[in-house]
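For reference, the structures are reproduced in the following blocks.
Next come two complexes, and both contain chain A; in the first it sits with chain B, in the second with chain C.
The block that comes next holds the complex of A and B.
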């Protein structure tokens, strides 16, 4: 899989961006040049040598707050994707194997989850369970799980009716063994795509929730929260919302790009795509070489 | 005790001379074209729509239940009050054209204007007022119980236009108390549940549609007692607009009037809108419940007092439009006690020392539960941090329930004030006061000072002195730390003429809207 991925430049772009974002998430607070919570009397200052991105409405360093806020935002995104993965994939795979009652039941549950608007549901759940990011992410993760349920179920359905799987079952392979040996590897690619997608969606949701002031304990900085407060001071710093917006956009874009790359390279279609690219490359190289060759001959 | 009767012609002349520029122009235009016709013909015509974006919505359209001071400005569209206040904060006629006290100050009779009616034809007579006052005193969810009406022992109706209040003690504040906040008279033929959904009063405007928390539309009420001076035909109030969208909303013509946060003033001025700093009685405070540990230790409360840097709040949060406050009203108000003002100057060193004395040398961790994540709350949190108090800021959507049940140890609150200064004092320091964070008896010194101030006629030479003594007595016992006071910052387009500068009120009398 990796050998195929690394042949696409978009994979490298996505990975570099995501590694950078991940580093921000891990090291953000340590990299911050100032205390992200310490205010000063210099309010809403333009970028300067001491404050590279300026200061906010309480005189806090914006760069430090962006860096310190990345952990919550990125952690939240992964949390959503991971919860959705576990809650969606396991029943998705089992729905193919555990009989019609389980299948019918999980399908109806997933239909119900799809019908719920997740931002509203997350807001309601934080009101019920307390205003924490984990509570909000839990609810969003559960509501995002139908995506994994459907993807894994669809992949498992095609594989489970194939002859070699039927042969394995007839030879006495247990459900667990069949799932691990035959179904698992086949559904891995679509789930990987779904995961990258979910992480992107998750980041947007974390940003939206923190924008609304849900899931964070002030004055802890978050990207969405910074965006929300920046909007109140547009007359002073019209450019300020751009900082968190660019970070959010780049991260989500990288996740989506990764999802695209995974999709493009997986399965038979991926093999064809890579072969075509290789051929096109060879042809281009050949064309570029030809005039020189011709020159030499003459 | 008969107040000056506001004469329309006099009113116009005053406005013209005081230079309410755009209004003067409009009125001048009227008088030249309407060759000598009476004031009523020129003034009776109403045009234009007021599109008001309001950051606050009434939780209930029943003035007995709605407890928010700011929201009374909205309900005042639909309800006329028994009295009003004028530009000096003095009681002025409303539904009652005058009032008389007995010499002892224990009985007051309000004389209603004759022939007042509600929109459905129900008479607004002494019986309607009596029913309203009794409802305000007894209704289970009334937010007016602690608002200066507990002295009313009984209400009599000697005639259809006379309402006599028998008081348990001399109280000369009632003409002020029964103004917009407490005296918005409701139609007695409506149940409390009906009023909750849709207002029914005899105010300048009649409600057309009310969508809770979203929008309310009104048309001019031709039967309002001062309808001749209402020149606006329609009113639309939109609730819940985001503060950062107000200025662009006014620029694009979606609204033509709104309240404004200090951070938006610069944008509004840049957009060539009129920013009005309307005087008010606003005061923000840090509410400390002195019955909950560790705030039950006097040193801790003192430390908090010294830890608050008011000038920083004025500069950073109010963008210079506010003033530092140490009392529940702004400086210069009649009840403002200069001798109590400088009790606690900002002194973080002393605050640390006091905390150490109380046994918290290594710092102190407390919960700071607030209604919204505002810059003020974050700044106060940072100021407390400086003296070693780690306040965990928590935004509680059900904040109001806990706050009014006096369950919060540390929080912030902002009052819009009351028309009667003693009512303000009782609300903050009295045992039944909604804003008394601890809910404890303030002690006999305060009670005595309040009784003396209540019994002082408003035109007495001792009035100011007695009322300031009551302020001092209240402040001496409280866990309320006042921080800053802002005027009411309003913004309007040029199409809306100047508003009467009545403190804390938004009054539409005499206001015109030109253009669309």
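The block that comes next holds the complex of A and C.
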């Protein structure tokens, strides 16, 4: 899987971006040149040497707030995806094995979760449960869980009924070996795709919630909260919302790109795609195509 | 390999062996099934959705005394108000009272000021629905135009430009688009108002000018989704042998596109339209905040922050009903366009 991924430039773009973003999330507050909460007398200033991205309506340094705010925004996205992974995958896998009543119940619950207007529910849940970050992450995670439920259930259904798994067990393969060789790759790829998608959606939802002041209250710095305060001063600083917006868009784009790359390289379709790319590359270089090259693509 | 019609014919034969099977009677049976089957899917969704909604309200442990009196609530007052709102009864009794009132169209009264929640939501839902409906129209029209053009001109630079543009649109959350639109059209160009709402009865243009920016902000995601799905569907339909056959027969490109390709390749895009209403309604919360609209999304978040449980439940129930009703309509349309979709419902 990894050796296939490595050959695609879009995989490298996505992972470099995501590693940078993750570093930003972990080290953000430490990198901030000023105190993100300390105001000054210089209000709504344009970018300068002391304040690289200018100051906001209370004279706080925008760059510092952006860096300090990335923690909640980015780690929040990963947390949400991780919660959705646990809440969705476990019932998804169990629905195949635990009998029809459980299957019917979980299917209907997931149908309902898909049909609910997502953001309204997230807002209602978070605010009613006490308006904290933990509540926000939990409610968004639960609302995103159908993404994982569906893919894990589909994967478990195909694997559990496939003859090659049965054949592998019959011919003496140990459970660990069967899991690694046959079931792992089949289940991991769709769950990886769903995780990248869920993290992208989660980032947008967390940003939306913080924009509304739900989950994290001002003055704590968040990307969404910065947008909310910039909105009031658009007449003075029309460019100010651009910084958080660009960061949000880049991160979401990186997650989407990663999901696309994973989808393109997994399974038979990925094998064909990479074979095509190898052929095209060989043709461009004007080399005679060697038979090993076409055969070597795993 | 039996076709859909054969299976359908087989089914009716088993069900009514003596009745004459004309084309007309089969047709009505098929339409009836197409309408009934989605109901079988959506009734459980409605029941579960309302149950989860009610459970949510109870789990929060909030009570009207806390909302109305705050820290000054005495145990006496708490008990009195709980009794007044029927909160001292067992959970299932409460649920049944609430649910039967719901079926009669009553959503209870607000814990804050005692005003009927149906009235409160009724005033606000018009605003949200005008924005959502306009966004839906923009999403379908622009999305279909972009997807159709990209599919007709596939593998040209136009196709690549549209694909790039739609993937850019899909990574922009509605509230960022809203802020950008306000910055451009309201603050810099000063051509459209940045906030507020004027009802349709006061003129078409004033209404339209207040609704168009939030609608555009809300529609981005849908435009991107519809364009992408439609392009993929149409491209795969163009690759089918019957299109080649139609071309060889000398049918005009226009007829091939509308009759053969669009009808067969449009299913996924239409299904996406059905799934996008929850997003449009959910996005209302943030776009209404950006554009200062007193819609139901803002009502939901402010009621939730104030702990007004019946109001939040009311909003959620109304949105569930809207989503379920819209999905039913889309499902029926899908069945009419694409008979094969019926088997998978």
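Following the convention adopted for this analysis, the second predicted complex is superposed on the first by the 265 of 298 C-alpha atoms of A that agree within 3 Å, B and C clash if a C-alpha of one lies under 4 Å from a C-alpha of the other, contacts with A are read in each partner's own complex, and residues count from 1 in each chain.
The working rule: a contact is a pair of C-beta atoms (placed from the backbone, for glycine too) under 8 Å apart; a residue touches a chain by one contact, two chains touch by 3 or more.
As the structure is a prediction and not an experimental result, all values here were calculated from the model.
Steric overlap between chain B and chain C is present once the structures are superposed on chain A. Look at A:232: by the touch rule set out above, it reaches chain B but stays clear of chain C. Look at A:131: by the touch rule set out above, it reaches both chain B and chain C.
More chain A residues lie in contact with C than with the other chain of the pair chain B and chain C. Residue contacts after overlaying the shared chain place A:101 against neither chain B nor chain C. Of the two partner chains placed by superposition, A:49 touches none, neither chain B nor chain C. Touch criterion met: A:58 reaches chain B, while chain C stays clear of it. With both structures placed on the common chain, the touch criterion links A:41 to chain B but leaves chain C unconnected. Shared-chain residue A:217: touches chain B; no touch with chain C.
In the superposition on chain A, A:121 contacts chain C only, with no contact to chain B. In the superposed three-chain arrangement, chain B is struck by just one stretch of chain C from 170-178, 188-196 or 224-232, namely 188-196. Residues 127, 131, 231, 234-235 of chain A lie in contact with chain B in one complex and with chain C in the other. Residues 41, 44-45, 48-49, 52, 56-57, 59-60, 62, 167, 170-173, 175-176, 179-180, 182-183, 186-188, 194, 275, 277-279, 281-286, 289-290, 297, 300-301, 304-305, 307, 309, 312, 315-316, 319-320, 323-324, 327 of chain C are the ones touching chain A in the complex. Listed in rising order, the residues of chain A touching chain B in the complex are 37-39, 41, 43, 57-59, 127, 131, 213, 217-219, 229, 231-236.
Against chain C, in their complex, chain A makes its touches with residues 108-109, 111-112, 114-129, 131, 200, 204, 207-208, 211-212, 214, 224, 227-228, 230-231, 234-235, 238, 241, 245, 248-249, 252-253, 256. In the complex of the two chains, the chain B residues touching chain A come out as 242-244, 247, 261, 263-264, 266-267, 270, 312, 315-316, 372-373, 375, 377-379, 381-382, 392-397.
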